[in-house]
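Lettered A, B, C and D in written order, each chain numbered from 1.
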């Protein structure tokens, strides 16, 4: 049983590298009736004077909601460059990412701001799984969010953060795309991971589906999808996940790849 | 014990349908409703032309009262989309009611005719949208405007015409005009014009500023509207407004409704809530010794 | 930081008064309100003759939405009681506003004159009672009836005339008529006609069956009414409807109210709630860098 | 913070001796959102087709509300003779009876149906006070409610039930009025009781006030009053307790006798 709420919130942190298209924002609820979230939940973040847009909750600590935003159009540009002192949060939207039922080795693959829900997810499952490998891929170094510093992901001994950048970058462990990383660095060892979760650009998710399909491992893969989201509350029907009868804002954004056969056929091929 | 009932001549396996605007825009929406177990489906309100709707947010939850404020702006795919939707939804084999929000009698007729051609079971004329100028509450507040539109639509199609009204000063009069002009049933009520302001942003939150209040907050208002119209006119009524539980549904039926629609409860609890409501109603009837829904229609009205 | 504000020319130490019908019938009622710290007192609506009111229950809590359904029936001690009440309540040294619910222009005048003679600070004409025939909403729905009553009362007394309106189709028009006829301020809104049925007893619960819905449920409706009237006419407004917290009060003020009244929150939380609301407003203004209530009146209206 | 509710309820028990003007009724809430009560709380009990009247809650056990009703006018007559299957309860009204802060010997004096709140009170305080003497006075034996059987007050070792009847009655320990009982049986030993609570007809409460006033023991006495109650929710002002600025339905019905000087002067003299 969801219990949606509207939460007025105040900017308490804004982290952005010079000229970066990406920023981390922390907003604090201004009411004690703020909503709790689980990893995978997103919210409609209303920028007064602009619109309300879907943003993954990258972390929540009490009344503090963390977001990672990338410039795309007017609302995200405003958020990245000059985040408003006050916003409104409508949520929690969507369903939690299905957690691994038992221990095991978990691989998380986040491309760009797609990393957001996986950060929250990593910190939540770390306590009971064997290991979490969090691979974070970006195009260029100025898009890189310092996950260690901001989200303190290194506080967990069993969480390994691997940074993958397409351009040359000293912070990176690997130069290339996430798919390159999987091909080169993991290769046949995909099977070693009990569950794999991926979030990022659609082309990346499509390729990953192919890789897992070929390897016969679709049952281990969960994809965090994006669709156009309008109401975020499950009534407008805009966010239907192609090839399925699921609403992203209610049943998603994370779905098992096994359910995405028709999605793959419609979207990726 | 079954919960069969008919309203406006439409046979229903039980009295619960979705309210217009909640999951009635696409084939997939209807599929979701069908899977959940609704007895009939009501489409989003259609206009002749495709409409994009208002800027976001189009809805703001008001959780303290299990309510919602919305201003979607009658977003819909227009006539073409309607034909497609109806054609594709035949496979569900359940009544489908097309909601229409025209801005002129001609537009209402045009859409109603397409609805009939493509197999709609009935049309529901939305004469009560609280936040779209020229398509709603102004019409529904005027007995003569209601008479004109309902009259011309009723004489243009053979499927039942249902008229959806909202909170207006002369509700009984308007209801009476609709019935005289040929309406087979009334749907009562639409959401109530309202607003929420974020005091930190110092702005109305909805993209359209003003919207319609729905959910638990308006339930007692809906009960009163149904009661009053039923007492005076005894028409077929579909009750809507804040039905969140089987008790709420029974309350509307005892006030005079033959069927109910649920909107905001689908948002808060998911479409599956329909089962709980239907099961609860069944249990209640059994426990209280009633033999059908019919027996309790208007049971509290005197 | 003080919260001084004036409305209809009445100086208030802060913007919060009780709503008519809540603890405004007896000397003791006013004493309770005074002790709690209200800035001004509004009496129960008076009629010329004493009225007994409806059978019980006269009010039913709707706890799920922090709301209340009431049909008291304008119970009041009539003109004689009014004089006595006003005389005895002078000692509180705060503005006292006499609410009047007449059934004819003459009755309104007669009571207003007595109110003025006995030292009332202002009168509030209740043109919006949702459940007493001939004394309320029918009047308040008609611009011409409103113009007549407000005009004659305004020309008969020198103290400010405030007009209390409810949810009507042509709210802005009616508001405009009231102001043209001499109203110094508008109180928006009254409770909304509603009903609750006990499904086991199969009967409406209120003694009068139909009543007025107040409380949290109607807050977004009140905000919209205040916003709309303020945007069009910029009059002095007293906002009322579902104020339970300082946030609710600020919301009505940003929509255009200069003062607020609280009714149902007194019932749910006790009269002491006024302090919390006033303290919260003060804190908010300070934190946000405002220097007075005045600065935020209509601040969210554009 | 009160949270009023409306609770539909169903008759589950009706105990009445032949031709007795008094009956015990037990109603069970038909919703899980029923209100909790404490001793001293009353509710507006709505009899469909009749009115809603104030009735003390004589006991509450989960969803079960106990009442003791005496015939007076149409609504109470209906309740005693032919209680409706369904009623509505509006409450909790009033404030709890102020409980004794520590142990000690407690005397409870209940006249007629005035016993109702004291039963609930006795069972609540029994666990932490030294002793409870519950004196229950009625005019004639057919008004007598079997407190032992229905409320099981004898389950507490430290609660002593004393029955006082004006007429001859074999169940009674003492023949006479409650005032007679106090004069004859307690006399000078009033002081032995750390707190005394009384509930019943106004004339009885007036006399008791006089007794305690004379003994200089007003600070030990709490009276459970009655006024005309209309809304039960604290807004109509009908229930002002004479000589005080208290509303019975909010601040009462139990008040310390010390606050009742003016009440006594107005009502009793």
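General remarks:
Please note the rule applied: a contact is a pair of C-beta atoms (placed from the backbone, for glycine too) under 8 Å apart; a residue touches a chain by one contact, two chains touch by 3 or more.
Because the structure is a prediction, the values reported are computed rather than measured.
Taking the definition of touch as given, a chain qualifies here only if it contacts chain C and chain D alike; none does. Averaging C-alpha coordinates per chain places the centre of chain A 50 Å away from that of chain C. Our note on geometry: chain B versus chain C, Cα centroid distance of 33 Å, whole angstroms. The mean-CA centres of chain A and chain B are about 37 angstrom from one another, to the nearest whole unit.
The set of chain D residues that touch two or more partner chains is empty. Counting only residues that touch two or more partner chains, chain C has 62, 64, 196, 199-200, 203, 247. In terms of which chains touch, the assembly is arranged as an unbranched chain of neighbours. Contacts between chains, counted with the stated touch criterion, involve the pairs A-B, B-C, C-D. Within the complex formed with chain D, the chain C residues making contact are 21-26, 28-29, 31-32, 35, 53, 55-64, 68, 72, 75, 196, 198-201, 203, 205, 207, 263, 266-270. Only residues 62, 64-67, 69, 137, 141, 167-169, 192-197, 199-200, 202-204, 209-210, 213, 216-218, 220-221, 223-224, 227-228, 247, 250-251, 254-255, 284, 288, 296, 299-300 of chain B touch chain C when the two sit together in their complex. Those residues of chain D whose C-beta lies close enough to touch chain C in the complex are 1-6, 8, 10, 30, 33, 44, 46, 48-49, 51-53, 84-88, 90, 230-231, 233-237, 240, 245, 247, 250.
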